[in-house]
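Please find the structures below.
Each of the two complexes below includes chain A, the first together with chain B, the second together with chain C.
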Partner chain A sequence: MKKSLSIILVVVLVVGMGAFLSGCGQETEVEIVRIGDENGDWGYPTPHGHYLRGPGYLRMSFIFDTLIWKDENGFVSALAEDWEYDEEENCFIFELRDDVRWHDGEDFTAQDVAFTFDYLQKHPYPWANLDSVEKVELIDDYQVKVYLSQAHAPFLERVAGVMPILPEHIWAEVEEPAEFTGEEAVVGTGPYELLEYDQTQGSYHYAANQNYYGGEPIAEELMFVESSNPEMALQRGNINAAGVMAEAIPELEQQGFELITGNHFWAAKLMMNQHQEPFDQRKFRQALAYAIDREELVERGLRGYGIAGSQGLIAPESRWAAEDLPEYAYSPEKAKELIEELGYTMEDGIYTKGDQRLEFTLLSFEDRIPEIIKQNLAKVGIEIELRVLDTASLDARVDDWDFDLAMSGHGALGGDPMVLNQMILDDDPKSVRFEENQDLLDKLNQQLRIMDEDKRLEMVKEIQSIYAEEMPAVTLYYPEDYWAIDDTIDWFYTEGGVAIGIPLPLNKLSLIERDIN
Partner chain B sequence: MKAKKLSGYIIALIIILLLNFMLPRLMPGDPITVMYGDALTELTPEMRAALEERHGLSQSLFNQFLNYLKDIGLNWDLGYSFYYERPVTQIINNYLPWTLLLVLSSLILSTLLGFILGVESGWDYRQRRDKALLIVLLIVNGMPGIVLGSILLIIFAWQLGIFPLGGAITPHAGYTGLAWLRDILYHLVLPLLTLVLTRLPGSYLLMRSSMFGVVEQPFIDLARAKGLKKQRVKYVHGARNAIVPFLTQLGIRFSTFLGGALFIENIFSYPGMGELIYRALLNRDYPLLQGSLFLLTLMVLLINFLTDLLIVKVDKGGF
Partner chain C sequence: MRRVGLALVGIILIIAIFAPLIAPYTPTEYVGQSLLAPNSSYLLGTNDLGEDIFSRLLYGARTSVSIGFFTALLATFFSLLIGVTSALFAGVYDLFWMRLIDALLAIPTVLIIILIAAFFRVSLWGMIIILSLLSWQQGARVIRNQSKSLLKSNFILAAQGFGAGKLHITLKHLLSHLLPLLSVQLLMVFRRAVFLEAGMSFLGVGDPSLVSWGRMIRQALEYIYLGSWSWWLLPPGVLLTLTILGVVLLEYGRDSQRSI
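What follows is the complex of A and B.
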């Protein structure tokens, strides 16, 4: 979306001119690692200073640690060495490391953890919702008990694994956390310390924390720099890693870059306005699922870089995904059958019932995919008019139910299945806001309270089944994002995405020799 | 006459104040939703309400407008950015210098170059040199800045590696003094060249046609007959009389330069007002949009005002 016109032009010109560059210089010793980013600026790297999207959180996460963290296989210890849930008392007990020091040399203790819970309740941090926390109790200097107000299954992934721990000796006096900057504001326990943040140039400069409890970081310095043409910057050797366009993959591979892709935790959805006819009919919504060739969307629309949508919303590779979901394999015949069962008859190639003709407007933020959908739907007697809007305008229309059909999409599909509640029930333009099925509502509420993971998984699978049956939105596809990396750092994708599910390979543990953990 | 002109400026200012307030808010989309976007963070209704309160969004539109006027009028305060969580003036202070550097340096360069080339071309109207210049500049003229910028970027930054791929300085290089200045110029070259080239044909064509109109006037023949040197006749007698339409355009040209810079900054990730406004637009950051647009339009008004004064001066000094 961003800078799309200039990017397309650049790509066209690049292809036209061919390529001849020699490969970039590769170092054996990692002194400095530079990561390119199209936006550059993601805010001051403190919890309340960073902008709210994932990349902002990541820039903060190199400085501040959480109680627990995730690597490519799941939860790993961070400031807490060990943790367990006590069902009787409905609390989590965290055993903290006793060898951690803040960047300014002070000792880290349980007191800091208790303080952080308290502080973030007073100054809410949208990344970690502490509503589920009743109180925090100190057992000793390195042991802390977190009592929940009611059982809350997402606690580990959404609170303990996300909430950055702040040093009490610095933040106790801070009244306006969003405006707090300077040397003290960026004292954390993480593997990197901030040297400089340049908002205007959109760049960050960090130095390794030699005393990091997880071991000395591999790269002595780390930089995030703005680069609107990351493909070119990689080839010129200006940066060591960046997200790249799929179109550039063959050339980058040829030049010795490793292309990594990790997950399908972002889904594109076709939203339907269930508050209006005929989308209020389940049968009609299902007909649309049969009518849209999702394989074609991936092959033609994404040039193969992605996978077709699973109608349970959760991506098939997630450990939370249900297996035996209804497939809705592409079948225009089946779609027509369902539409006809609803009493529509074909007139001049368009299905009609009384004075109602199946003609709809499809809102979108781009036109490649919607164009294919339009062709697909034309085959089953539904006429589509496309309208391309910017994301904010589109979301506003969807939010007000002022639309027929709309393209939408969101991430976090790899993380805690609480995302199902958010994307089915929350009052959010990305959410289908579907409350017709009481069974679904009940199960969604229940799954948040089941602390046993296996039992919860069963419930989550049932939810996906009902979702697939009700079809409040068609899950179209999961695109694949590619990162090109040189051989300096072995960046990896995190299980379920970093923190609540950021689908980027920028996990701070990539910079740590990891047999220690 | 003068009072009339001044009142015109005041009316323009009032309209600008109103439009700057209304236009961002007429766009569909709500800033808080946009800010949180697909972050999928858990924004509770209480947090949302607190955010709306903090940014004055819970007030009626009329009250918001009054506050906006009061802040600008009484305290020269452009408000507080939703997205950056900082005073708008502080943010603009960081971005405006880069745009001014780019716009002013290219305005001066392309104006000077356009002036000289236009005078030479107009003097030799329809002769070989004029035709060659005209063709070259018409080709450049047909090329949008975004294409020209991309071509320059690909050739000089990507393939040849002579200039940087983007940015205004080398990040975290810690340069000072002369090295710092060199670094800035080094980063300025490509965006500057793009803007100069795309804007050059405009000033060239204007000067050329205006010069041609003057060349045939009797006073030029008279000056020649007096035996004055060719360069003197060309620039002092000819160009001076042809310059008024050229100067009138200068004020307008300043605003087109600003517009052009917006796209060019984007190609070269140049951290100027173009980048800032573009992001403020996407983020529906009303105060920042308001403040940026207000400041830029104010600058355009000011430049127009100064051009008006300048024209009066040149006119009086004319023959």
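What follows is the complex of A and C.
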């Protein structure tokens, strides 16, 4: 008995040792890339599971591929090898790759693409608006024709380049996509497969998809970890890349980190609840624009690392930006004048009309800039109480119109000007959801139909000037965005931003030995 | 011991009361370039918004002291009210309060404050009220027990024999005998409130525009890699420690005096 036990023990030890040694052999190839994030949780990494914010989409984009994608120079092929627009038939023809497999080993075919269009029309995915799609026709196993009901200029950038393709054999049965989680829910075609998502820790852990059609993933494993002080975490070597504060640049550079920066394609906005007095008055909204010193926000709040907001929303360096917009240069006098025109009188330093006093709560995801806004508004007789919330709660309150003022923001300002439609009309907490001006509505609608770029630009400029006039939200500033990266991965900023224009350097192509083009 | 405590608390009180006179700038004023190191015009440099850290430090004492003071006053008042009435009326009334206190003591304070702050706006006064509502329980129980034993003492029985009413007994006899207990109670709540406020501000709970030591520590931590900790992070930490230490020494002084 004793003897047999020791034999078993020896066998176990030998086998165990062997496994250990072979594990060591692989170890040399294993490379984990860790990315720090101050927020941590951005939702479950499926199309309907992630929070509708850039970082949420990015976490999903490592798993699910789109028809086409973008790199630092513009469109590149992804699941579709080739694509063209047939003006006569008003349709896009996509030639798909025939060497793609889903993470579970099934073949990817045109059937999946047709299914995804169909599925996302039934269960809308807000970031890929399919209203313009009339029908999808399969030509053969690897060719689809997408017919549009009317011309839709942003189709490539906003549908083909954003819409994650789902496996029909899994999702056909799913009725509640937002509730669908588990191993099957994260089967995609992307370069990484999800190992673990931990909502409370705010961490995402992925393993490389060795059969990725677009080239071999450089890192064996990829992790997003919550990091409240990314500068420290970088210095300690806990993470390989993170967005950092500009002040940390000299020190981080000295330690050998590379600092990269993108364009000003993210804007902070002061949202106003137009369903409530006095924000339903255009004059009052304009008064707020005059009252807030946006130069001071940049100089003092961002310590110079950014540019003041243009009231047309689109960042001035975008090729879609309008010049000659009303400036609303800082003028407390002008602001007071406008408020007084609305019938308010100053009482104890606060403007009052009847029993209505200009006292509001300002919700925000941070506390420093709102502090300056509070001081600015105090000078024009408006009293502000600050409340700091996490992004998800802030978005939820804004979504329910349960706020007076809210400081929020969004990216996507470098991509297609369809962003104007989304940020003015869409039912989304980042959008001002402003439908008062019929002319604005018509023009927004029209700009999507103009396939000629120059003519479209004219229309987009007119939209910006109406927006600036109506002032549904004050565009506060565009911050400079800095990422510190070590030498593991060569992260880059995508032309116009990733997918719909996410101004972060986390493009999945950075992680691939690229032979796509 | 007591003298040291008195001196420490005295200094903090003077800072708090005369902050506007001592401070070179108003705490929310944009005085110059942000993130400056200490120099002759800004004794402790400037913070990320270009505000004078030294002035904010002085004004921070105001927040701490006023929260400590008013919370102590309010909570001790609740303790006294509930403690004495429980002792006097006894019976179901007493039972109700004592069981409620048991229940309330079992709930972690910090958690409740975070929960309340998640749903309501918490201003300076809001914080004082919340802290008071969470700080009277222990005191109430001690006062109730002390009053109960006092009520059995001969001089009160005698007064009752002469026909004294409940109100008369409370005002004339109970209160004067409860005074030492009340002063210990005041100090204890004060210390706890100062500490809790700093903790809450550090966690980012409550009014973000309040100038508070806890919030200063939180903000300083964000820039710790700049080496600014010695003039931005340390001073509020030291003042907070000294305030609490001062109060502890006062309490200790009271206790040792009594035991002699």
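By definition in this document, the second predicted complex is superposed on the first by the 287 of 517 C-alpha atoms of A that agree within 3 Å, B and C clash if a C-alpha of one lies under 4 Å from a C-alpha of the other, contacts with A are read in each partner's own complex, and residues count from 1 in each chain.
Assume contacts are C-beta pairs under 8 Å (C-beta built on N, C-alpha and C of every residue); 3 or more make two chains touch, one makes a residue touch a chain.
Computed from a prediction, not measured in an experiment: that's the story for all the values here.
A.B. asks: Looking at the overlay, what does A:248 touch: chain B (first), chain C (second), both, or neither?
C.D. replies: It touches chain C, and chain B stays clear.
A.B. asks: Please indicate which partner A:202 is in contact with in the superposed arrangement: first for chain B, second for chain C, both, or neither.
C.D. replies: Only chain B; A:202 stays clear of chain C.
A.B. asks: Regarding the shared-chain residue A:303, is it in contact with chain B (first), chain C (second), both, or neither?
C.D. replies: In the superposition, A:303 contacts chain C only.
A.B. asks: Tell me the contact category for A:235 with respect to chain B and chain C: first, second, both or neither.
C.D. replies: In the superposition, A:235 touches chain B and chain C alike.
A.B. asks: Output check: A:267 vs chain B and chain C. Expected answer is one of first, second, both, neither. What do you get?
C.D. replies: Once the two structures are laid over each other on A, A:267 reaches no partner at all.
A.B. asks: Taking the superposition on A as described, I'd like to know which of chain B and chain C A:225 touches: first, second, both or neither.
C.D. replies: first
A.B. asks: Can you tell me whether chain B or chain C touches more residues on chain A?
C.D. replies: So, of the two partners, B touches more residues of chain A.
A.B. asks: Quick one: classify A:463 as touching chain B (first), chain C (second), both or neither.
C.D. replies: Neither: A:463 stays clear of chain B and chain C.
A.B. asks: Across the two complexes, what residues of chain A are contacted by chain B and by chain C?
C.D. replies: Touching chain B in the first complex and chain C in the second, residues 229, 232, 235 of chain A appear in both lists.
A.B. asks: Which of the residues in chain A end up touching chain B in this complex?
C.D. replies: Checking each residue of chain A against chain B gives 2-3, 5-6, 9-10, 13-14, 17, 20-21, 40, 43, 49, 51-54, 124, 126-127, 129, 131, 158, 178-179, 195-196, 198-203, 205, 223, 225-229, 232-233, 235-236, 238, 389-393, 395-397, 399, 409-412, 419, 422, 428-430, 500-501.
A.B. asks: Residue numbers of chain B touching chain A in their complex, please.
C.D. replies: 27-30, 33-44, 46-47, 50, 83-86, 91, 94-95, 98, 146-147, 149-151, 153-154, 157-159, 161, 164-169, 171-172, 263, 266-269, 271, 282, 284
A.B. asks: Enumerate the contact residues on chain C facing chain A in the complex.
C.D. replies: The touching residues are 28, 30, 34-35, 48-50, 121, 123, 204, 207-209, 219, 221-226.
A.B. asks: Could you pull out which chain A residues touch chain C in their complex?
C.D. replies: For this pair, the touching residues of chain A are 229, 231-232, 235, 245, 247-248, 251, 296, 300-301, 303, 361, 367-368, 370-372, 374-375, 385-388.
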